[in-house]
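Two complexes follow with subunit A in common, the first pairing it with subunit B and the second with subunit C.
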Partner chain A sequence: MAKNLFVGYNERDTFLHRLSGSTKLIGFVSLSIIGMLTFDTRFLLGIFLFSVILFWKSKIKFSEISFILKVIIAFAIFNIILVYVFSPSYGMSIYGSQHMIFGDPNHFFNLSWEELLYLFNVMLKYTFAVPLALVFLLTTEPSEFAASLNKIGISYRISYSVEITLRYIPDVQRDYRTISLAQQARGYEISKKANLMTRAKGAIQIILPLIFTSLDRIETVSQAMSLRRFGRHNKRTWYMARRFKMADYLALFLILLIVIIGITLFKVNNGRFWNPFK
Partner chain B sequence: MSNKNRSVQTVVATGIGAAIIFVLMKFIAIPTGISNTQVNVAEGFLPLLAAIYGPVAAGLAMFIGHSLNDFVTYGSPWWTWVIVDGLVGVAFGLFKRQLDIQSGKISAAKLVLFNVYQIVVNFIGWVLLAPTGDILIYHEPASKVYLQGVVTWLLNSASVAIIGTILLILYAKTRTKRGSLKKEK
Partner chain C sequence: MAEPLISFKDFSFKYDSQAEDTLKHIDLDIYPGEKVLIAGASGSGKSTLGRVINGLIPHAYPGTISGSCIVNGKEVADSSLFDLSFDVGTVLQDSDSQFVGLTVAEDMAFSLENDQVPQAEMRSAVTKWAKTLQLNELLKNSPQEISGGQKQRVAMGGVLIDESRILLFDEPLASLDPAAGLASMELINDLATKQNLTVVIIEHRIEEALHANIDRLVVLQDGEIVANDKPDRILVSEKIIELGLREPLYLSVLRRAGIAIADCQQISHAETITNPAIAKSLKSWTRDVKLNQADEKKSNLLELQNIKFAYDDGKNVIDNVNLVVHRGEMISLVGQNGTGKSTLSSLITGFLTPTNGKILFAGEDMAELSVKERAEKIGYILQDPNQMISKTTVFEEVSSGLVLRQIASKEIQGRVNKILKICGLYEMRHWPISALSFGQKKRVTIASILVLDPEMLILDEPTAGQDFRHYTEIMSFLEKVCADKDLTIILITHDMHLMLEYTMRTIVLDAGHVIMDDIPAKVLTNADVLQRASLAKTSLYTLAQRFGLPSADDFVAKFIESERRAR
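So, the complex of A and B:
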């Protein structure tokens, strides 16, 4: 179980692994922002395909990600159903036309082509960034990540915080397991068998020791870092930082191109939606 | 303690705080049946982090912890909620001085005041900001996101009221009370 919960970096030699972390970070953030804003189905399909191709090129094995994929698909389907149930005619009000599949536009429950297109858009928006995120997570070494954050202009203190988070998640996770087993041995029930109140009590008995040991750890680590004069200067260098190479500039150019296409489409469509019903 | 030391402590508290939030979100979340909303234990940890280390650490830790959790669970962060969660952390941190937990004395009046404050903060965050962001950015139907918002508001407030208050009281007990030492005559 422990293995499946956290997808992590895997050493391989593909062009995606060789790209610098900063390039991948800029790529992921800008593509996910433009994809978040647009409702142009063609464009969303385009970046979806693009990210699937990248994923395929990164040679990530399916077994590495099958668990997280199941969760994501379940989440997306559940959300789509919810979006539909709460407002079945929302698509028609967005596109301003009515092409019914069945039902009456005046009744609450109906289905129109507009709604289907809208739901398809939502589905794409939930999923298009997933291959990108997985590529990013599995091809970027965690210690290079902080260096990349700093390189794209985020203060090194914040970058270092992120680094500490990534470094300490396994530790906190291990502490959590140990404490949880110890408390269960003492008779606190936290499994599904118990009712909500018992589970809540059990949860508190676990998080108390977990939080108080972690507060001690914050103390220790920050003293160690002060002793090493962390935060003395306004800048710092990173052992794991990589210089931009030709491939990075090419990749950044490609990303810029995609973003420009996305922005142009806002103009062409007169807004964020692409409307084929006009 | 000098300013330099405090800034180092903020960096570390942000990092480790985010790691704790991540683990709490991933392991101890009790689902409610309405999608993407759960009884969030991590939310209950936030007031303590905010009361000890202040707005910057609490806000950033929540932001980092939440986005990492979204990252590995859903593939990409749901930015509107992540940002609102960060802002809630900042808002809790602004109450640090009033709470003054390091003094070791935490009266019932202070706790009541804090709980009123947190319920208002959560209301602004989850009922006003987050759903509005979802409508503007993600174009989701209003009825769906407002329902999610209201449920999250209730659950998060409850989590802070119960777990948060317990943690604050217990932490205050571990501090040496100010003025507890007297000069021998």
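So, the complex of A and C:
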């Protein structure tokens, strides 16, 4: 089912579910951008807390997202280790001071409070957006995605391709299973019994027919769409679009406020970094 | 008479990709309120004719047009696809691909969205048509959650919502089971009357399509119209058989019983055909035909003992199935979608492992055998050959199973060539597969399984979407290899003709149980089983009941046997 893929929409009644998809998308995108730009630890902590509260309010169950969360945490830790290994003294060059924990600033491997703060900022950047993205994905009906993308200015043709993808993923998965079974019966081994090379060859035998079947489908789908006048006008309306209500305007105002605070902090800090070492 | 709504005048069309005209000098007028059935074998040009009416030709399929085709006052060649779509609503053969929305409601509103209709108006239009088409309970469902018949109704809703006057159906029966197909034809008839629609149905299954109360039958052959009249007038002669189509079964049986169809009235339905002589002739014919006694029982090939299977949720999809398949049998396995037919075949081929019970093949327990090892005994052939073919030439494709089993290339040559000869593909062995027709591709997939020398084949809907000629071609081929190689065949199918004409035994599955295991004639005359398996009663059954024959299944069995002898 499209709805249950990876992380899927769940019908619940919270104020986040009632917000229009566009509001949530705007919020997610603009907070992500400002959060990615800034290195002000206080601000990052603030929006981290904000997004955790939203996540809690959305009543999403941990079990629904535990898998994707583990993947993200593993990825973030791996990334932070790499950032440190490749340039352990980057923090000192940013903040212009040297508060050593151990090691010598002239050697490659060392650890400073500056570096720790820098890594802490990086970690916050990875983590604060995750609850926001999950809130957006799990509280917005998939049907509303396309309408929301279109509303924030992305062309409806591109927006609709998102919808079409969601629509056909389950069908392609089903085709994949069917083809895979038929090829296994022919003798292609793709289970763990075979070595990697054989398995890779087996996978190609599945993917080729899958591509051809999908191309046929794409042709029919695009004909079906033009027979119902997709692409006739420069705009289209959306059956599932939600009108903005008071709550949406309030939410947008709050988002704007947070963004303004972020920008003001650039001025106050004279740049993207908040420097407690001065 | 009123002005025609669709009018072809000396219309010819040649696809850019082809050397010859696909449509030749078509003259055809369709009047408001008519229900027209356009029939013809594959390649007769009937789908091309449909594409002209909805404007896909010339807008999506470029080619050369001569003559004119006017739809509701618009010359097709000069109008845009979008303009024409207001007049003609098209329901495609594959209503799954036509379903472009994430939910039923969105899909129905799709064209209104493109016309920038405000949301409130869309909602009321969707509500209105959902009510007419009995879809109101399903508005929030995804396409994966509804049946084929429901999908087709959504597709109808999606075009009726435009209030277009002409409804065009491209092979509406192809992807439906018999019961849903019948319901769909009756719905089309009902809608056409109530909404005052003009309906064009493109379909080669004439008997079933006539249930939509067709006013006119147009038959195409090689791009030309060879018949264009009231169905009654065309069906009187055996012309449609000569054109490679299947005549309604009830007419065939009446002819066989020596009744002149020309002397009958209202011949386009088994429910209405009348002639005082029918009852007497049928009775004496049935009395005179003797059924052959069934062959001696052969040895057991496949045995299922107390098979149960459940997915993780614990509910038994297959519930205590016991079954014996004898060597050399051709069996049909029928049942509604989702009753466990494919689960059962997956259990036999080893894709799934039963939670309980034993499967024996020629007396040997198969539990220890892998999918690959089982495939050397039991071949499984998918409905869509494109899903099975992964090589570029015929020889490569057929040999690939042997190559994977690391057999010496000399032996491969010999075995593949032998199979190719049996399958009538030897001359094409170096052809690219893309150059083959659907039926030829199907034979390639069967050949590539036969080369592994299995003792049993399981085929999923081997004849789906095939016209009568190709259907006969595929099935006589299967019959031949079955006899030559002493194969045992299980056909998973919805096609009642296929069950009747080619299989000796039908197994009906419902909710994971075998509810009937008997000769096809008995299955197809059992009203309760028909309903549970989403099949429809055949017109032979209707005749037997109407004319008071002592035993409907005896009558059906005798007719089928006399057909087989004639073949």
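One rule holds in what follows: the second predicted complex is superposed on the first by the 258 of 278 C-alpha atoms of A that agree within 3 Å, B and C clash if a C-alpha of one lies under 4 Å from a C-alpha of the other, contacts with A are read in each partner's own complex, and residues count from 1 in each chain.
Note that a contact is a pair of C-beta atoms (placed from the backbone, for glycine too) under 8 Å apart; a residue touches a chain by one contact, two chains touch by 3 or more.
Bear in mind that the values here come from a model prediction, so they are computed numbers and not experimental data.
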Item to check | Superposed partners subunit B and subunit C on subunit A - clash or fit | outcome: fit
Next on the checklist: Contact-wise, after the overlay, does A:F86 reach subunit B, subunit C, both or neither (first, second, both, neither)?
Outcome noted: first
Checklist entry - Should A:A241 be classified as contacting the first partner (subunit B), the second (subunit C), both, or neither? => result second
Checklist entry - After lining up the shared chain so the two structures overlap, which partner does A:I261 touch, if you call subunit B first and subunit C second: first, second, both or neither? => result neither
Next on the checklist: Going by the contact rule stated at the top, is it subunit B or subunit C that touches a larger number of residues on subunit A?
Outcome noted: B
Next on the checklist: Per the contact definition in the header, classify A:M225: touching subunit B only (first), subunit C only (second), both, or neither.
Outcome noted: both
Checklist outcome for this item: Superposed angle subunit B/subunit A/subunit C, CA centres, nearest 10 degrees, is 60
Next on the checklist: Is A:L116 touching anything from subunit B or subunit C once the two structures are fitted on A? First, second, both or neither.
Outcome noted: neither
Checklist entry - Does the superposition put A:D171 against subunit B (first), subunit C (second), both, or neither? => result both
Next on the checklist: Quick check for you: in the superposed arrangement, does A:A203 touch first (subunit B), second (subunit C), both or neither?
Outcome noted: first
Next on the checklist: Quick one: is A:A185 in contact with subunit B, with subunit C, with both, or with neither? Answer first, second, both or neither.
Outcome noted: second
Checklist entry - Of the two partner chains, subunit B (first) and subunit C (second), which one does A:V52 touch, if any: first, second, both, or neither? => result neither
Checklist entry - For the overlay built on chain A, what is the smallest gap between any CA atom of subunit B and any CA atom of subunit C, in Å? => result 5
Item to check | Shared subunit A contacts, counted only where both subunit B and subunit C touch the same residue | outcome: 163-164, 167, 171, 204, 206, 208, 212, 217, 221, 225-226, 230-232
Next on the checklist: Show me the residue ranges of subunit A that touch subunit B in the complex, using the header's touch definition.
Outcome noted: 5-7, 32, 36-37, 39, 68, 71-72, 75, 78-79, 82-83, 86-87, 90, 94, 122, 125-127, 129-130, 132-134, 137, 157-158, 160-165, 167-169, 171-173, 176, 196, 199-200, 203-204, 206-208, 210-212, 214-215, 217-218, 221-222, 225-226, 230-232, 272
Item to check | Residues of subunit A touching subunit C in the complex | outcome: 1-3, 142-143, 163-164, 166-167, 170-171, 175, 178-179, 181-189, 204-206, 208-209, 212-213, 216-217, 220-221, 223-233, 235-241, 243
Next on the checklist: Quick check: in the complex, which residue numbers of subunit B touch subunit A?
Outcome noted: 4-5, 7-20, 22-24, 26-28, 30, 35-36, 39, 41, 44-45, 48, 52, 60-61, 64-65, 68, 71-76, 79, 137-144, 147, 162-163, 166-167, 170-171, 174
Next on the checklist: Give the list of subunit C residues in touch with subunit A in this complex.
Outcome noted: 54, 56, 59-60, 81-82, 85, 90, 92, 94, 96-103, 105-106, 109-119, 122-123, 126, 142-145, 158-159, 162, 346, 349, 351, 371-372, 374-375, 379-380, 382, 384, 386-390, 400-401, 404-405, 448-449, 452
